[in-house]
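The two complexes that follow have subunit A in common; it is paired with subunit B in the first and with subunit C in the second.
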Partner chain A sequence: MNNDKITSAQLACMLFLSILATSMLTSPSLAYGIAKNDMWMTPLIGSLGGFLTVALSLALYRRYPGCTLIQYSDLILTKWLGKPISLVFLFVCLQMNANQLRQFAELMKLAFMVNTPIIIFAVSMMLVGAIVVNLGIELIGRLSLLFTPIIIIIVAVLILPLIRGMEPDQLLPFMADGAAPILRGAFALQIWFPTYIYAAMFLPYVSDINKARRWLNWGVCWSTTIFTLSFLYIVMSMGAASQHFSYPFLLLSRYVTIASFMTHLDALIMILWVLDVFIRTIVMYYAAVSGFSQWFQLPSYKPITLPVGLLIVLLTFWSIPDITTYNFLAYIVLYYYTLGNICIPLLLYIIALFRSGPAQDEHSPAPSGSGPSVLHGEGTA
Partner chain B sequence: MNAPVNHLILLIVAAAGMLAYDWRKLRGARTIIAYLTLYISGFTIAFLLVINPNLPGPTQVLRPLFLPLAKLLLKH
Partner chain C sequence: MRLSMHASARFIRCSCVRVAAPLLLAALLSGCWDRTEINDLAIITAAGMDLADDGKIKLSVQLFVPSPPSSEQGSSTSSPGASNKTIIRYATGLDMADAAARLQEMMSRRLFWGQADVFIFGEKLAKRSIKEPMDFLTRHPHPRERANLFVSDGEAEEIVKWKTPIERNSAETLREMAVLQTGLNTSILQVIEELAEEAHTAVIPVVRIMRKKPEVPFIGGTVAIKDLRQAAKLDSLETRGLLWLRNEIKFATLTAPAYPGGDYASVYIYSANSKLVPSIKGNKWSMLVAIEATSNLNENASTLDITKEANVKRLERTFEGIIQSRIDKTVKKAQRSGIDYLGFAEQYHRHYPKHWLAAKKDWDTRFPKIEVRYKIRLTIARNGLTGKNATLQSGGGNNS
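Showing the complex of A and B:
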């Protein structure tokens, strides 16, 4: 279908940046609303969702090499059941695209460009995304590898100057309400961690597949570290005020001064936000476009790039009239993201366990005897 | 009433431009069918949304489905 290849490290960077993009700014207020000042522990438990989805995507890929999730759902569930199931997955993918685009546009309007209509941000981002998606997966991989250090440095520059002002007392009382709020907060973070299931859409393009497990698991570890550090930072600097702001990190960045003359570092947040959401847009957009082309069984994904982009822009605004409705949606979004990104792959994996032999023989040269050892390896991941 | 007319004209221009840009790339019946399915459904929704911005959409479908679960997470 195409000759583009990416490396496992690039794939890990792509997914790492995709998660970082929206989580950095919006997850603190969501997590603080549920877990209060224990929220720094939620990513440690929530990362299990990330490890689970990495393990699922690799296990399914090993049973059906060279296939993406859309293709092997046909092989696993037959065509009549597989098509509707993968359409639900694609719908969730479109919704993820639309939600992040709306969030990008709303933040740009709220904080930086007050008079611009939000559809301008959405459409321009989608058009740039369409150009990149048409240029292929290799470019997406290289771009994300290039941007990762830049974004890490920006995050560090924003966090380090405020270390003196942090108050570790804010972390007390420790687990005042028991473990339940932490578990609920960890569940709320499943908006972000299961994004790693999109590895299942990109694994066929990975050239060094034997390193994929290590790199993807490292990716989940990096995400957990960044989540934990930024949550600690926000709790220790803002305390109970965290939940009153939609974007606590943005607020903090306005207080940062470096060497008493570099102020207004929220411009850095804008750089971070645009670069990061751009990566997330192209990664998810590529997943949606290639998913649709595999769903229709087309020879090339390129002709349908623009119509899929149109659908994404429509879903960005359709029945979400204002920011209040959008903010409330966060709690509903969690459930259908979980449905699409954890439940569907898990269902596919469980059914694939029961369906032995014939389906995997037509794609894989590996003998069917390798099945049990694959399953055995799964438990350790 | 003035604004929707302008928006409709803009949308027609966008629709025509997109089709003109993509038409040369479409090869094979399967690609054309897939393209037209996405294209027609997309622009139908777009036109309906310009005429009536309050058109019920995915939010109205998903909210009743997941609202009880969302309340479960938020209690306390």
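Showing the complex of A and C:
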């Protein structure tokens, strides 16, 4: 591996910001659509996905120190079975990259820069991302640590002025339709929470590994807190209107006035959006690039940075002709995000439990087609 | 030799990069797709939507036209209004977006909705449907959700083109008046929020023009929207009752005879808080209106000696009665029409979700039967700079 090192705190910030980036704008309307005004409880339950993935990545790392998920899936499942499964994980990773890039570009075009070609947003973000990725993991960690307070301050500035106008009454009726919608809403949030599995891709670079568990669990707690607070904020200030708008948080940021003369604060949310998606891009991009280099067992990931970037830009526009299709995809990506980020690590861990030590030849080479079906079996069990 | 060749190759590569980088940057420099100069914009400050005779929508906009900076410098000594003018333009279209597009055809500058603070629906349009304009206003990324909505008494166009002597334009006048809150102050977001609630009703303030010289528009009364069209109309006094129910009273002056047959007394309410408490007992649905208000005594021309605690209490009871009758008038009116614009449905939905689910379908028949009770507590906290007003009484202080 490289000599670059990050600290556990930086890793927690990286993943925390990655989740915050896209969730801030799109999760409220998704969650409101399912759980109505009880949606503020969904992150409390949904966070279990975060804690589970943190535990999985740490437990697997303890068994295979110095290895990323791509590397130990070969060790756990043998090369024949491990390669296809880690390839599925990498494809989900590519898809996440592509989705967030499309989301970023669409929102910039919709709300801020109507005439700019959408490809400019995607490509410029990817090129800047490529520079950062090539400069190494250490820079990503430091940038995340640097941006975390800025982003939290922006979120606070957007939320605080409207506190007076909130109506706690909007939270009633409490659980009118029982617990089922909340559970379904918590499941929908699994688009975001299991992103913490990407700790498995970064743990080998962490210098203070003994603190990793504490920091990562704190990260999940922060994510839960900020999810819950922003959901409470949206329900209490918009109530039933939350379902009318696609980006409730963006809308509220336009609604905020500070002391009745500072209005039109959506420039702030643009700063938040660009900074935060930038962090998410470099984190996920790095995971994809380093993952592929490990999959091909390359000595360095740098030569494939740009090719992978091109692949991501392609996926950004491939088969998503318009925003309606994209929004519909949210219900589908949920399943394959869950597959990639929860089912695959869970499968690896369960099999690793049954095997001691590095890979032996117990599993006869299976046809690669059986990989995904095994996964489905595990996922539903 | 070999070393220097290597070095020169690196030098060439370096200089290639140095030349290529600025060239690549230059490619981006031309690309200001979303550049907008302020003197290319026609800034809409207010828009009125009327129903044209053929069922189309007539859009009238009030434009603030910023003049180019060069002329502004020249006229900096004169009043700031001289270089910037407000103009009115009209267009008719199949829907709001169509009308806006037609309006654009007639303009040399690009229409900009981002500063539009006021949107006014004409009465005829409000009676047909506000669906179309509302969809445009929330879907289009430019109009702000904080913009005020009004329904005009008559044509919206009249209000838009009215020239105000005090503020910059009529949009500014209306917005300031709404903020002072003698009537409702509703933003686009609030209307959407109310329409999304259980009763699917919303209330929008009415602007009318006082028909005397000089013509002055003012916010008087309210329109209740049900099924996205105007369903009921409240006058100014009934609107006050509505404001009490909605907990939107900020200031109020109440005037009543201090005691039956006596002279008038007035209190100025500076803090008020109201709450709707629903309850269901058996099949009997009732709503408790709980109000707490704090006021100062503004005027007392009567012989009542307000330095005595018992008299102050009596006065408080009198004004509590005034508040109650005001609210009750509004409640009765709503119940007679069967349209729940008071927000009762949402209260039952919040506090009795199961009952509400069952009663939801026949709410329009159930709503008029709801018994409304009142618990009003008004405090006269201060009585002003004078106490007992014996000097101003004709017969001297002969009160009890």
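Please note the rule applied: the second predicted complex is superposed on the first by the 357 of 381 C-alpha atoms of A that agree within 3 Å, B and C clash if a C-alpha of one lies under 4 Å from a C-alpha of the other, contacts with A are read in each partner's own complex, and residues count from 1 in each chain.
The criterion applied here is as follows: contacts are C-beta pairs under 8 Å (C-beta built on N, C-alpha and C of every residue); 3 or more make two chains touch, one makes a residue touch a chain.
Note that the coordinates shown come from a computational prediction; the quantities given were computed from them, not determined experimentally.
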Touching partner for A:L334 - first (subunit B), second (subunit C), both, neither: first
Subunit A residues touched - subunit C or subunit B, whichever exceeds: B
Contacts of A:P303 with subunit B and subunit C, given as first, second, both or neither: first
First, second, both or neither for A:H244, with subunit B first and subunit C second: second
Which superposed partner A:I258 touches (first subunit B, second subunit C, both, neither): neither
Which of subunit B and subunit C A:V128 touches, first, second, both or neither: neither
A:I120 touches, of subunit B and subunit C: first, second, both or neither? second
Common ground on subunit A, meaning residues reached by subunit C in one complex and by subunit B in the other: none
In the complex with subunit A, residue positions of subunit B that touch it: 18, 21-22, 25-26, 28, 30-31, 33-35, 37-39, 41-43, 45-46, 49, 53-60, 62-63, 65-67, 69-70, 73-74, 76
Contacting residues of subunit A [partner subunit B, same complex]: 33-34, 95, 177, 181, 184, 187-188, 292-293, 296-300, 302-304, 306-308, 310-311, 314-315, 317-321, 325, 329, 331-332, 334-336
Footprint of subunit C on subunit A - complex, ascending: 110-117, 120, 169, 172-173, 176, 238-241, 243-245, 251, 254-255, 257, 263-264
Partner subunit A, residues of subunit C touching it in the complex: 31, 33-34, 114, 138, 141, 144-146, 187, 189, 192-193, 196-197, 349-351, 353-354, 357
